[in-house]
Amino acid sequence: MKLREIADRLQCRLEGDGSVEIVRVAGIEQAQPGDLTFLANAKYLGQLATTRASAVILRAVGAGQPAPPCALLVHDDPYSTFARALALFARPAPPAVGIDALSSVAPDASIGPGVAIGPFVTIGAGATIGARTIVYPNVVIGPGARIGEDCVIHALACIRERVVLGHRVVLQNGVVVGSDGYGFAKQPDGAHAKIPQHADVVIEDDVEIGANSAIDRPAVGETRIGAGSKLDNLVHIAHGVTIGRRVLLAGQVGIAGSTVVEDDVMMGGQVGVVGHVRVGRGAIAGAQSGIARSVDEGTFVSGSPAIENLAWRKAQVVLRHLPSMKKRMGELEQKIAELEEQIAAWPTPPGR
Amino acid sequence: MKLREIADRLQCRLEGDGSVEIVRVAGIEQAQPGDLTFLANAKYLGQLATTRASAVILRAVGAGQPAPPCALLVHDDPYSTFARALALFARPAPPAVGIDALSSVAPDASIGPGVAIGPFVTIGAGATIGARTIVYPNVVIGPGARIGEDCVIHALACIRERVVLGHRVVLQNGVVVGSDGYGFAKQPDGAHAKIPQHADVVIEDDVEIGANSAIDRPAVGETRIGAGSKLDNLVHIAHGVTIGRRVLLAGQVGIAGSTVVEDDVMMGGQVGVVGHVRVGRGAIAGAQSGIARSVDEGTFVSGSPAIENLAWRKAQVVLRHLPSMKKRMGELEQKIAELEEQIAAWPTPPGR
Amino acid sequence: MKLREIADRLQCRLEGDGSVEIVRVAGIEQAQPGDLTFLANAKYLGQLATTRASAVILRAVGAGQPAPPCALLVHDDPYSTFARALALFARPAPPAVGIDALSSVAPDASIGPGVAIGPFVTIGAGATIGARTIVYPNVVIGPGARIGEDCVIHALACIRERVVLGHRVVLQNGVVVGSDGYGFAKQPDGAHAKIPQHADVVIEDDVEIGANSAIDRPAVGETRIGAGSKLDNLVHIAHGVTIGRRVLLAGQVGIAGSTVVEDDVMMGGQVGVVGHVRVGRGAIAGAQSGIARSVDEGTFVSGSPAIENLAWRKAQVVLRHLPSMKKRMGELEQKIAELEEQIAAWPTPPGR
């Protein structure tokens, strides 16, 4: 694609030769001639002068900056522009539109126009698949599931019976939505009787769920992932959890049953949250933190159990000094004992 | 279903109008007219007076309590009764009894009466499937696997060659049983040669394993999950591990190789246990704890590395005060230095 | 198999009766007559005298040691010899060589000689599968993927479009290679726009990846797992990560985006590493540690955030004493206040 055409499609201002042929989008360090790269983070500014890319997306060239050795695509939001540039060069490989002959689609399932269903896909009775949704091979969609338009369901994902997905939902490979929640009632003999888990799961519009994550269904009520939330790989969402809108959960996060995570929360990798608590709007949880009680709106917490981030960081700094603190304390006790002895040896002060 | 019929089937005492039609079981907060709800936890007692449910399962109405605004089903164990009520309204969606034409079942596999096998299921040579077991779509069962009666194997689960499952075992979606253990022998050149992992895995009766969990097979000996144990999603059980009976492992727990977890142990989410240790009968491990050595029977441990829970809690409380402790210690040292100086300035006491 | 034949094939020195029939390889505690066992760890030396095995692989019988009650296979590296003995008795159960009639293989896919492809396998357009590679049932291989020779792809694994696997790679069940990385660009309205993730994933020779692990692909550049590295179950490798050669990652490890893990690194279970850092050659991370910044070559780190292991261990020891330290500090402050009061009561020393 000519750089001029890319500039037009990305609505960038072009500075330099628009006739150069662009074949790929690449990072600034790896870029080669023929590549389009981008500069969104000032940290990489130093690499601009020596990049081998044929063109770079950036905000603007600073006053005192040397001109980069390539053409420029100028835009106020270079990172989002880079994302859109990648889409121009995307090489997805969906199954062909239509229903593969080697699939098992219930006669009463409703399949929208433009849907692509790959081989070895199972679609249960009464399920509905919205227009233009792509179902990759070996996906299992249970009876009565309702899937919106323009969704992408990657290979080997599973959408259980009666689960509801909105529009533009993306499930990566191996995702399970609607597995039975972990609910058992202890019996007098110590055994755990299964509490049937047949209630609802709703995944709202524009949610993406990472590979091999699992979202459980509850016994009563619902499990819900709010619009625009993004879950990374191997995330565990227990039964009855409510995730708000635009929530970001990094890899291997686990949320226990009935907990509420409000809008715009962000959790780092491997965070765990106990059941039946509320994580307030816009709160942030540092990687590996363990949230054991409700968290106020906008709070940044860290540690296990999680406390306010600043307090945690200060405690962590001191933690390394604990052995020397213990030693110093012993020395202090020794000195004080000596002082006490010295003072005791003095006569009672005059006037007492 | 009429409330009177439900009362009969759940063996509850009915108080109120038995002719009301019940359409669903719901939580006390969400319940609507037509719903049956339950009260098992005194915490929700306050909501009883205002519930919109048509009936409620409970232990009894206390002496001073106002009568709830609906019919009652009285039972000594309301939580288990709720579980049984859910089963009355269950809406499972298993494949039809019989072998789907789009499956691949070895001619010499033994399929019991009443078994349901969905599409795209593979069953290997010599495998046996007990009566009434349900095998959902796209499940893979290896050669020589032996599966008991009344099991439920959800879509996309995998039971590897020669694995043994008891009766009434439930595998959620994406579960892997019998993958190769992580065993390698370091070679003189630094490479790691694979130690073949071909020994046994046994899953005893009434075990349930959560979505996308993985249970490895060992090189020698066996991996075993004891009767009635319940594993949540994304749990990792390494090769040669022995899990006792009625053990509860919450989401994302990981148990390293050859460790023994005795009967009735409970572990919170994201707990890790090192290899070759023993976790004693009835022990409890708090969420995210890291068990680095054997744990005595009945002990409650927390933290990473895990210590006795009470000691851990006390240390956690102080942890927040570490920075102020460090500051106070510096002040003490300063004061003592001053005192020492003051005392040194005094003449030798009389008589010395 | 006769013990004599085993000795020949494993190149061991045989001491004792070579005509005994060996039926199995077993651990020293479980071994029965007919079993071959091994002694690689001095810890189990005491069990040698009473083993019921018919033969044992060991380094040599020590001078003062009693002769074991069975035949011996003497070898300098008993553990690797045990691994090779297991291979003699391996009972794998691959699909038959050839392409199962119930698979979906693109007409232009290139399938090498001796390849075995099971039922319900999907192989996309232009994919290549090297000689003798085994593809178990219900595996999905995307368009343009390139898989080397002698690989083993277990049931229900997924290799996405254009992913490259070297030779002798083993993917356990449910592994996902090439899922979309977790990359989003925040928009002015708070929404997160997907950054297309279409770049490369390379898995080098002799890598093994454990059940239900997930390896993401990046937007630009590549994700790479170096030759001979071994990943356990449920491991998460984010987009753009580079894993060196002979790296060992235990169960449930998670590595965030763009991080570099150099050759011969070892990580214990549930370790987390933040993005954009470097873990130096030969470094070791203790189980559950959280690596928040780059780690020097050869360093052993522990804790979350991870610090040098020795410092961490010392701090952990003191951690238990924190409550008593706090108490002692209060006592010191009290005593000093008393001393100050006593000293203040003295008249100014002579000469001041």
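Observations, loosely collected:
All chains are identified by letter, namely A, B and C, in their written order; residue positions are counted from 1 within each chain.
The rule is short, and it goes like this: a contact is a pair of C-beta atoms (placed from the backbone, for glycine too) under 8 Å apart; a residue touches a chain by one contact, two chains touch by 3 or more.
Because the structure is a prediction, the values reported are computed rather than measured.
Common neighbours of subunit B and subunit C, listed by label, are A. Under half of the residue numbers at the subunit A-subunit C interface are used by both copies of the sequence. Here the CA centre of subunit A is 24 Å from the CA centre of subunit C.
Looking at subunit C, residues 102, 120, 138, 156, 174, 212, 234, 252, 270, 288, 304, 319, 322, 325, 329, 332, 336, 339, 343, 346 sit in touch with two or more other chains.
Of all residues in subunit C, only 25-27, 30, 77, 79-80, 82-83, 86-87, 89-93, 100, 102, 118-120, 136-138, 154-156, 170, 172-174, 206, 208, 210-212, 228, 230, 232-234, 246, 248, 250-252, 264, 268-270, 287-288, 304, 316, 319-320, 322-323, 325-326, 329, 332-333, 336, 339-340, 343, 346, 349-350, 352 touch subunit B in the complex they form. Listing the residues of subunit B that touch subunit C in their complex gives 102, 104, 120, 122, 124-125, 138, 140, 142-144, 156, 158, 160-162, 174, 176, 179-180, 182-185, 187, 190-196, 198, 212-214, 216, 219-221, 234, 236, 238, 252, 254, 256, 270, 272, 274, 288, 290, 292, 304-305, 307, 311, 314-315, 317-319, 321-322, 325, 328-329, 332, 335-336, 339, 342-343, 345-347.
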